[in-house]
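Shared between the two complexes below is chain A, which has chain B as its partner in the first and chain C in the second.
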Partner chain A sequence: MKGRLLALLAAPTAWLILFLVIPTAALAAAAFSADGVRALAEPVTWLLFWRSFRIAVVSTGLCLLVSYPVAYFIAGCSPRWRGLLLFLIVLPFWTNLLVRTYALKFCLDPLGWSNSEAAVVVALVQSFLPFMILPLYSSIEKLPKRLLEAAQDLGASPARAFWTVTVPLTMPGIAAGCILVFIPVLGIFALPEFIDERSPMIGSQINLYFMKNSNPGAGSALTLILMVLTITLTGLYSRFKKSEGLV
Partner chain B sequence: MNDDHDVTLRGVTKSFGGRRAVNEVSLDIRRGEFFSLLGPSGCGKTTLMRIIAGFESADSGVVTLAGKDMAGVPPHKRDVNMVFQNYALFPHLSVAGNIAFGLKIANAPDIEKRIAGALAKVNLSGYESRAVTTLSGGEQQRVALARAVVTGPRVLLLDEPLSALDLKLRKGLQAELRRFQRELAMTFIFVTHDQEEALAMSDRIAVMNQGRVEQVGAPEDIYERPATRFAAEFVGAGNFFEGSGDGKTFRTKDGLSFDAAATGEVVIMVRPEKMQIASGAGIPCRVEEVLYQGASRSILLKAGDRRLLVEDANDGASARVRVGETTAVSWRPQDGLVLPR
Partner chain C sequence: MRKLLGGFTALVLAALYAPILVMMAFSFNESKYSVRWTGFTLDWYRKLADDAVLHREFGNTLILAVSTTVISTVLGTMAALAARDSFRGKRLYTMLIALPVMVPDIVLAIAMRAFFSAVHFPLSLGTAVIAHTTFNLAYVAVVVSARLQGLDRSIELAAQDLGASPVRAFWKVTMPAILPGVVSGAVLAFTLSFDDFVITYFTTSPGDATLPMRIYSMVRFAVTPEINALSTVILLASLALIVAALKISRVPVAGGGR
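Now for the complex of A and B:
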């Protein structure tokens, strides 16, 4: 019995060691090289981290603002409409991200809107909207209508009921959506340069170090910092989820 | 409108998809009264309550609360609170947080003191910091009650608040709820499908059927003098005889006859506990089944093709009947209640 279990686990373990543990170890080793340490001393690195962080925060916030009403509306529709609307939300995934970004650029160019950080944010928001809408929808849809009625019955205006009941009870969805948007946006590359060549983010810099400048040490150092940030955020999120006792 | 009436309904009608859930309902609910809306599921009692709370709006008719027309007044501006069927406690708030909810909106002073007072009234002192999700059904019910009354609403609506609890707990809470209502002297509108519960607790009952009110009255009126066949059938058990009378003798379609002061084509109903079994005078019948129930015996009789139910108090006075025996059943003429067909 135990032998069979070990045999079953052998393949996935080997896979993980080969494609996760070894590359990560190699990455860490390269990060602590002379090149890596030098890259961290460069002010441009921290400027890019700061820009990425700022863009990720703003895009996530805008995504949340746009998505909440949409998710709320869908959750209130009849089951038939819900299915159709959710399908429409997921539909853009059938097209490649680059193709969609090109299309958006063609829309923004005539408006004189591209080539700005704002345009990058707009592109990011539209690309990541489904990642925010879907978790929000699933937690709003689970919210019992009775609780909103109880709040109104006790004297809460619809706005007050929203802030004191709906928002706290859909916090798991809000947190999940924010994580799902924030983390990929923080490390994104290619998309920002498409929209505005002068607004690179940290992901673009990593790409540059690895692909063009052949400086894997510097690329690894930045990647490692990005990984630590991501893992910390995910860790905070799962702790929050546990303390809420919801979901 | 009368000052003594907290809630008045005039011709209130509400349809859902062409079906009239509430049909021309007119009621006057007095100040400080324990008023029950009683009926089977789907009779419109919950819809009527939701119209009073403001969660549904009537298609036509007038609802007034303390003399004021409630047309267009949203739920949060009505001086009415509700205890929901499954309590609808806020899972993200503690017991104290739930009770404080309405007080905070009203900017009430001494919130903590009032929470403690409300908890004491429902026998949950010291429960302030508990999470509502860890409470038992009975405790959640009490918290819901405390949350609804702490702001001192004019009228409290209760939507089958005891139906989710087990029988023993329910019996205990009936008496407690009645005492609670008397102490508060608050108008309670209690929705239930449980006729025993309505009889035991109410000052007055409105029996509802298919969106209409069939009868309004004190529990004794409803049970002893039902106005319609539905009211007689829904509240308590009964033996029904369809036929015609000449003022002295009543003849049923299946050939039975007995004394009754009924004239014309009517229905006569006799409650099972008002019937006596004694060989000799009365309607001859055969004992089909005897169900011993401790305090009483339910005796199923067959008179011709007709089945009769007799409730025989276990007071040692009546002789024991045996299954298969031939005997006779009789009742005092005044115990035969005359109902319209």
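Now for the complex of A and C:
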């Protein structure tokens, strides 16, 4: 038994150490170079982090606003329709993000709707919608209908029942959706460049350091900050999930 | 209220699909510069068919996707099987597996690039295979683990009690039962690798470009109907993969006769 476990563990563990732990260490080493430290003193670094953060917050919020009614509607459909609608929502997720972004650019450009930060946000919302709808749907679907009926029987208006019963009870889905959208959006690369070259995010700057300015130290420093930020967020989220699980 | 919600959902679906459909339609448009419809043509597809560089890039995309699928399916399945037992450091182990999925893909891409540059390993299709495998391993492990959870372990132990060696018990009992999970993990890995742009872009040399990298450089240059045609081909290839994946995951596994 013990030997079997060791045999199973050996190869994946070796891979993860060689091609995940050591690369992370290499990233940190490159980040703490002179170039990397200098990049932290550059105002543009913090400007771009701030813009990325702002864009990620707004896109995640809009994603939630758009997704909640959709998830709510799907959860109330017959099983047949539910399957079909969920399939249609998830299908684009299985295709190339770059190609989908190009399709959006192709349609927005002639209308004159691209080339603004707002257009970047719209493109992000459109692209990451499935990540929000799915967790929302699964938590709305689990909602006991009796609770809503009870709230209304006791005199709550539908709106009040929604805000005091439905929303708090679907908080796990809201949190999961937000984290699933916020993290990839924060580190997005290529989509902002396609939609509006003048709204670069932190990913654009990392690309610039590596591919144009040949300054890997600075690029690594930015990447390390991004990594620490996203891991901290996931850590906070799993704490929240645990405390939520006790209720 | 319900009608309103339904209408809104329809609107959202339209917003998801309309740009893709319009883009596809215009891959058949004659005019090179105009976004107005001037007539039907297959010229842009013919151009793709005659593009030797594109053929090589398509080959690169396939080599990359197939290699990483094979390696990550084996490693991810092993990782999932190992995670059934409890052992010291298991929490750390599961966190490590999930790490590449928890961070934006540019983080993994740059970490890999920093690593290859630190050990003076020149970037190639091979380095991209390594980078893809690190994130695919996580996806395969998750999918196979989900399948393993529904598996009664005592069947495997019963086979061993009846005299089968652990290896034989694994291939005759466990493997057939988890095969659908392994196959869906493999299809997922292939699709993710086939569609990936960011990780490939940072971990391969420009000489070993893949199809998504081609799209990126073409779009940065100019919007042309040729990109529409190539995008349409890539989208249809992805769709074919999904359909195949769905067919596979619906294969009834009860009975497990194989």
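Assume the second predicted complex is superposed on the first by the 244 of 247 C-alpha atoms of A that agree within 3 Å, B and C clash if a C-alpha of one lies under 4 Å from a C-alpha of the other, contacts with A are read in each partner's own complex, and residues count from 1 in each chain.
Following the convention adopted for this analysis, a residue touches a chain if its C-beta (ideal position, glycine included) is under 8 Å from a C-beta of that chain, and two chains touch if they have at least 3 such contacts.
Just so it is clear, the model here is predicted, and its values are computed rather than measured.
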Contacts of A:Arg146 with chain B and chain C, given as first, second, both or neither: first
Contacts of A:Pro23 with chain B and chain C, given as first, second, both or neither: second
Contacts of A:Gly36 with chain B and chain C, given as first, second, both or neither: neither
Partner chain in contact with A:Arg160 - chain B first, chain C second, else both or neither: first
Partner touching more residues of chain A, whether chain B or chain C: C
First (chain B), second (chain C), both or neither touched by A:Leu85: second
Overlapping contact positions on chain A, where the chain C interface meets the chain B interface: 158
Interfacial residue positions of chain A with respect to chain C in the complex: 1, 4-5, 8-9, 11-13, 15-16, 19-24, 26-27, 29-30, 66, 69-70, 72-74, 76, 85, 88-89, 91-92, 94-100, 102-107, 109-110, 126, 129, 158, 183-184, 186-190, 193-194, 203, 206, 210, 216, 219-220, 223, 226-227, 230-231, 234
Touching residues on chain B, where the partner in the complex is chain A: 53, 55, 74-77, 80-82, 84, 86, 88-92, 101-102, 105-106, 133, 147-148, 151
For the chain A and chain B complex, residues of the former touching the latter: 144, 146-147, 149-158, 160-161, 164-165, 168-169, 245-246
Of chain C, residues touching chain A in the complex: 1-2, 5-6, 8-9, 12-13, 15-20, 22-24, 26, 35, 74-76, 78-79, 81-82, 85, 87, 93, 96-97, 99-100, 102-107, 110-115, 117-119, 130-131, 133-134, 137, 141, 166, 191, 195, 197-198, 202, 212, 215-216, 219-220, 223, 227-228, 231, 234-235, 238-239, 241-242
